[in-house]
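Next up, some structures in structure tokens.
One chain, chain A, links the two complexes that follow: it is found with chain B in the first and with chain C in the second.
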Partner chain A sequence: MGGYLGVDVGSVSTNLVVTDEEGEIVASLYIRTQGQPIAAVQEGLAQLEKKVPAGLTIEGVGTTGSGRTLAGVVVGADLVKNEITCHAVAAARLVPDVQTVLEIGGQDSKIIILRDGVVTDFAMNTVCAAGTGSFLDHQAERLNVPIEEFGSYALRAKNPVRIAGRCTVFAESDMIHKQQMGHSVEDIIAGLCEALVRNYLNNVGKGKEILPPVVFQGGVAANVGIKAAFEKALGLPVYVPEHFGVMGAWGAALLAREKMRTNPQPTRFRGFQAACLEYKTSSFDCTGCSNQCEVISISMEGKVIARWGDRCGRWENLL
Partner chain B sequence: MRITFPYMGSSPLVFKQLLSELGHEVVVPPPPSKRTLDLGTKYAPEFACIPFKILLGTYLEAIALGADTIVSTGGVGPCRAGYYGELHRRILHDLGYEVRLLILEPPLRRPGDFLRALSALVGSPLTWLRLPGILRRVWTKLNVLDRVEKAAHAIRPYEVTPGETSRVYNDCLKAIDAATTVAEIRAAEAESLARLAKVPQDRTRQPLKVALVGEIYVVLEPFANHNVQIMLEEMGVIAERSIYLAEWTRGNAIVAGEKNIKGAARPYLSELVGGHGLNSIGETVIYARRGFDGVIQLAPFACIPEIVAKSILPRVSRELDIPVLTLFLDEQTGEAGIRTRLEAFIDLLAARRKKREGQVAWAAI
Partner chain C sequence: MKRVGIPRSLFFFTYLPFWYTFWAELGYEVVVSPLTNKGILDKGVEEASTDLCVPVKVFHGHVAYLAGQQVDAIFLPRMVNAGSQATFCPKFLALPEMVKCSMTDLPPLVEVRVDLTSPWSLRSLCHKIQQEWAPGKDFGAAYRRAVLAQEAFQAALTRGELVGSALKPYTGDEGDKPKAEEALKSELDIAVLGYPYTVHDAFLNGGLLRKLRRLGARVHTADMVPIRELRRYRMHKDLFWHYSNMVFKAGKFWLQPERRVDGIIHVSTFACGPDAMVGKMLELEAKARGVPLIALTLDEQTGQAGLDTRIEAFVDMLARRKTGAYNISVHG
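After this line comes the complex of A and B, so read on.
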């Protein structure tokens, strides 16, 4: 049986998905990147191999996320695709008539608008990461609430307080202030969820026509408090997919599948044993011209397999 | 006088010839780099826009190379750039650099100020006599540079070897730089166009067409926009820039032009909002009419004219059925984020085109 692998390397998490021939998810994994994308991909491959049904061979690989190029070299990708397109593809596979995708990850958030099955507009957070997963993680830790329970605390709130959500630093001071005024943790958490949703809709969602069905995905979709705040602010039901945390990786696998099926060719996948190979990166400043590009070299088992960062292609084309 | 000037696209080659023919020692500033931006960011107010910061960094680098006079341009309308010359002067003086700043105001609007600054540059009566000849050579060079650059942009989306067009183009710039008489400049143009035409191309490609509009500095200076035009072209997309310096000078300093752009913008915006805000609207309308697949608005972060334009562009986009992507640029902007947005935008445009052709696809795979 054939299958497809999708790898999404983000700032906070690295997600992997294996699909069957039809594109349905048969195995998935969500682990922390911890600032080491290569190690995370290798660890992910090692863990995922144990979950993949026996007899399934990978016939195509797609990578996405901010570490997509690096991940593509490490696993041997047939397709390297930006995370906006991947998230849209996965959402539309699940909800074919989806018109709005809300996605909040570790350090970025995006909105994707679709009409009649194609993406017509999108936006990503630009100047501020307030309201993304990293900030929620930090606040959960500070309030001594496990991140998994953060959302259910919000749902128990009786009277959500108003928190200034424009900036994480001010949001945190405001939360401390509200704690010291004597508000309950539940009310503060619910207030924070509402503030983050307000901030998201005012920045990322500004000027976008949000129509149903609305799909909410990315790591933060685990938070039922944020989901409830979105529903309240939009006045629309918000659908969270079963595999909300790995939708980007699934989209990459689906696109790899599409590519290999339209244009059959052997996959470049290095196999799950890529988990055991030795990858090293190094960098240097090119002195060829005034651009002074920072060139990155990736080597596998001591042999350079990729270079990038040079604007003129002088080093990239040497391979 | 050891004169320097702002660095913007290929225009330094023109300013260099103009100022040296006027009899000045010219300090050509280094092309903007991370160092330039670091310097500018360190001494500029935090909320100044990225053109202000890069310019300030450029002046500081040129002063370190011995410049004692800076020539720059002023501006019109409610955009802060009109005051930037004065603000730059004060910051530089506060830092202890007693440099002279000559601000060339728009000659049609403020002829007195323009002439005063021009007199300081021209100096002796003898140079005034030579001025028409100098201007003819410099004007030729400016136009040739624009034409050769346009030719390179038109070829790059089709190039077979990535980076080949840029390598040839950089050689062409050296040849044009070395040419000083009108005959030499024209010969350099012919040679450059011939060399570019020889770049191996794959003409079976059917590139998407995207236009770049927005504030003049971030549109013209590749460092300020993370090289988006070339990045798009290397992804196989035709990227047409709304502003070239020769046309811009003709329309803003020589004759009162750009009437077509203002006319096209009128259904959406009839007021001057400063800077290039009105142009961003009018040009988007024109590109939609010309059948472009999409428009990218380049805007310095916190630039009011472009913010006004951005808030109107969704309506233009909807009514004329043309996707618009806005990229705000400042010292915090990372290249990876720009690349991700450009890739997603191209996927969006490719999927739209497929749909028009009756096919289904998610992306330009």
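After this line comes the complex of A and C, so read on.
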């Protein structure tokens, strides 16, 4: 039986998905990147291999996420695709008539508007990571509430407090102030969820026509408090897919499948044993011109397999 | 032979052929600073006031480069008016003062006020420059050749040539021109709207034009629109700023039904005041025509990941809108 692998290397998590021939998920994995994308991909491959049904061979691989190029080299990808496209493809597969995709990850958040299955508009947060998963992570730690229970705390709130949502530095001082005034942790957490949603809708969702069905995905979709806050703000039901955390990886696998089917060719997948190969990265400042590009080179078992970072292509084209 | 330096930023991308030819005809060797690079950016950031937009910082870097090239003068005009009601942005108006305030040990600056409110003002300004900087030279011939050079440049842009390659006779390099094999498949038409000094500075925008060509898009810019065409687009009230009017009206031009582009990329820089208006107006205009628009805000960052993701996703979206299926390119 044939199958497809999708790898999504994000800032916070690395997700892997294996689908069957039809594109249905047969195995998935969500692990932390912890600042080491190569190690995370290798760890992911090793763990995933045990979950893949016997007799399934990978016929195509797609990578996505901010570490997609690096991951593509490590696993041997047939397709390297940006995460917006991948998220849209996965959402549209799950809910064919989806019109709005809300996605909040560790460092970025995006909104994708689809009409008749086609992406017609999208927006991403600007450079600042305010109102994304890593902020919630940080606050959960500060309040000593496990991030997994953050959402259920919010749902227990009786009277959510108002918290400034535009800037996380302000949000934090606001939260501390409310806490010292004597508001309950539940009310503060619910207020935080509402602030995050307000921030998202005002910045990322600014001017977009949000129509149902609405799909909410990305790591933060695990938070039932945020989901409830979205429903309250939009006045619409919000659908969180079963595999909300790995939708990007799934989209990459689906696109790899589409590519290999329309244009059959042998896959470039290095196999699950890529988990045991030795990859090394090194960087140097090119002295060819005053740009002094920081060139990265990736080697596998001592042999250089990819280089990038040079603006002129001098090093990239050497291979 | 005396040498005059012209910094490769701001007005450079619009008026170089005129000034290059004029100075060359007056008997000067014209030294243009190289394409913006990390060294020039770093130098500019160091010299300029922190609140400025990145193109003006880069301008400081180019001036610093030229100051190290043993030139007899640096051409640093105060661009005020290009012949309409609108003026250049305040940072152009104060450019000579800004440079003099933050930088020392500069060669003499050719500080002239370029205000073309009356049709004869350019001619008399050039006459003044000739008398002061090149006494005894033939003013008339130099002026006429400069005008012809500028006209030839504008004509090349109108034919669809990119600024970088149209300036090649003066700079000796192609700027951001994509290699031949990268320009092969062009299925999408994308208007890249922004000020010439951000759209045509490949270092500042991370090689945006080249990337778009590689992803299979034909690029159209604001400078390709003939000036007489721009005049046809009336606004309820024109903006105060020359380049802002140009960008907005070019947006209207590329959105006309007969040449409707598939998408618009608005390139802006962090802390650009005029773009607060231009961006919103373009957005409304594009929405009314049903054409997707994405805004890219540039600053000093050299990390390309965020920019690349947005560009790739935007091109994917346009391709899918056009064909109804994802056209999977191996680059994206």
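The rule is short, and it goes like this: the second predicted complex is superposed on the first by the 318 of 319 C-alpha atoms of A that agree within 3 Å, B and C clash if a C-alpha of one lies under 4 Å from a C-alpha of the other, contacts with A are read in each partner's own complex, and residues count from 1 in each chain.
Keep this in mind: a contact is a pair of C-beta atoms (placed from the backbone, for glycine too) under 8 Å apart; a residue touches a chain by one contact, two chains touch by 3 or more.
All figures in this text were calculated on a predicted structure; none of them were measured in a lab.
*Asks:* Superposed on chain A, are chain B and chain C clashing or fitting side by side?
*Replies:* With chain A aligned, chain B runs into chain C, so clash.
*Asks:* Taking the superposition as given, does A:317 touch the first partner, chain B, the second, chain C, both, or neither?
*Replies:* The answer is first: A:317 touches chain B but not chain C.
*Asks:* By the touch definition above, which chain A residues appear in both interfaces, chain B in one complex and chain C in the other?
*Replies:* Touching chain B and chain C on chain A: residues 66, 79, 81-85, 89, 118-122, 124, 126-127, 207, 255, 258-259, 290-292, 311.
*Asks:* Could you please specify the touching residues of chain A with respect to chain C in the complex?
*Replies:* Within the complex, chain A contacts chain C at residues 66, 79-85, 89, 118-122, 124, 126-127, 207, 255, 258-259, 289-293, 311.
*Asks:* Where on chain B is chain A touching in the complex?
*Replies:* Checking each residue of chain B against chain A gives 30-31, 33-34, 161-163, 166-167, 227, 301, 311, 314, 317, 323, 328, 332-333, 336-337, 339-341, 343-345, 347-348, 351-352, 355, 360, 362-363, 365.
*Asks:* In their shared complex, at which residues does chain A touch chain B?
*Replies:* Spelled out, the residues of chain A in touch with chain B are 66, 79, 81-85, 88-89, 116-122, 124, 126-127, 207, 255, 258-259, 262, 290-292, 311-314, 316-317.
*Asks:* Mind pulling up the chain C residues that touch chain A in the complex?
*Replies:* Within the complex, chain C touches chain A at residues 34, 37-40, 203, 207, 283, 292, 297, 301, 305-306, 308-310, 312-314, 316-317, 320-321, 324, 326, 328, 330-332.
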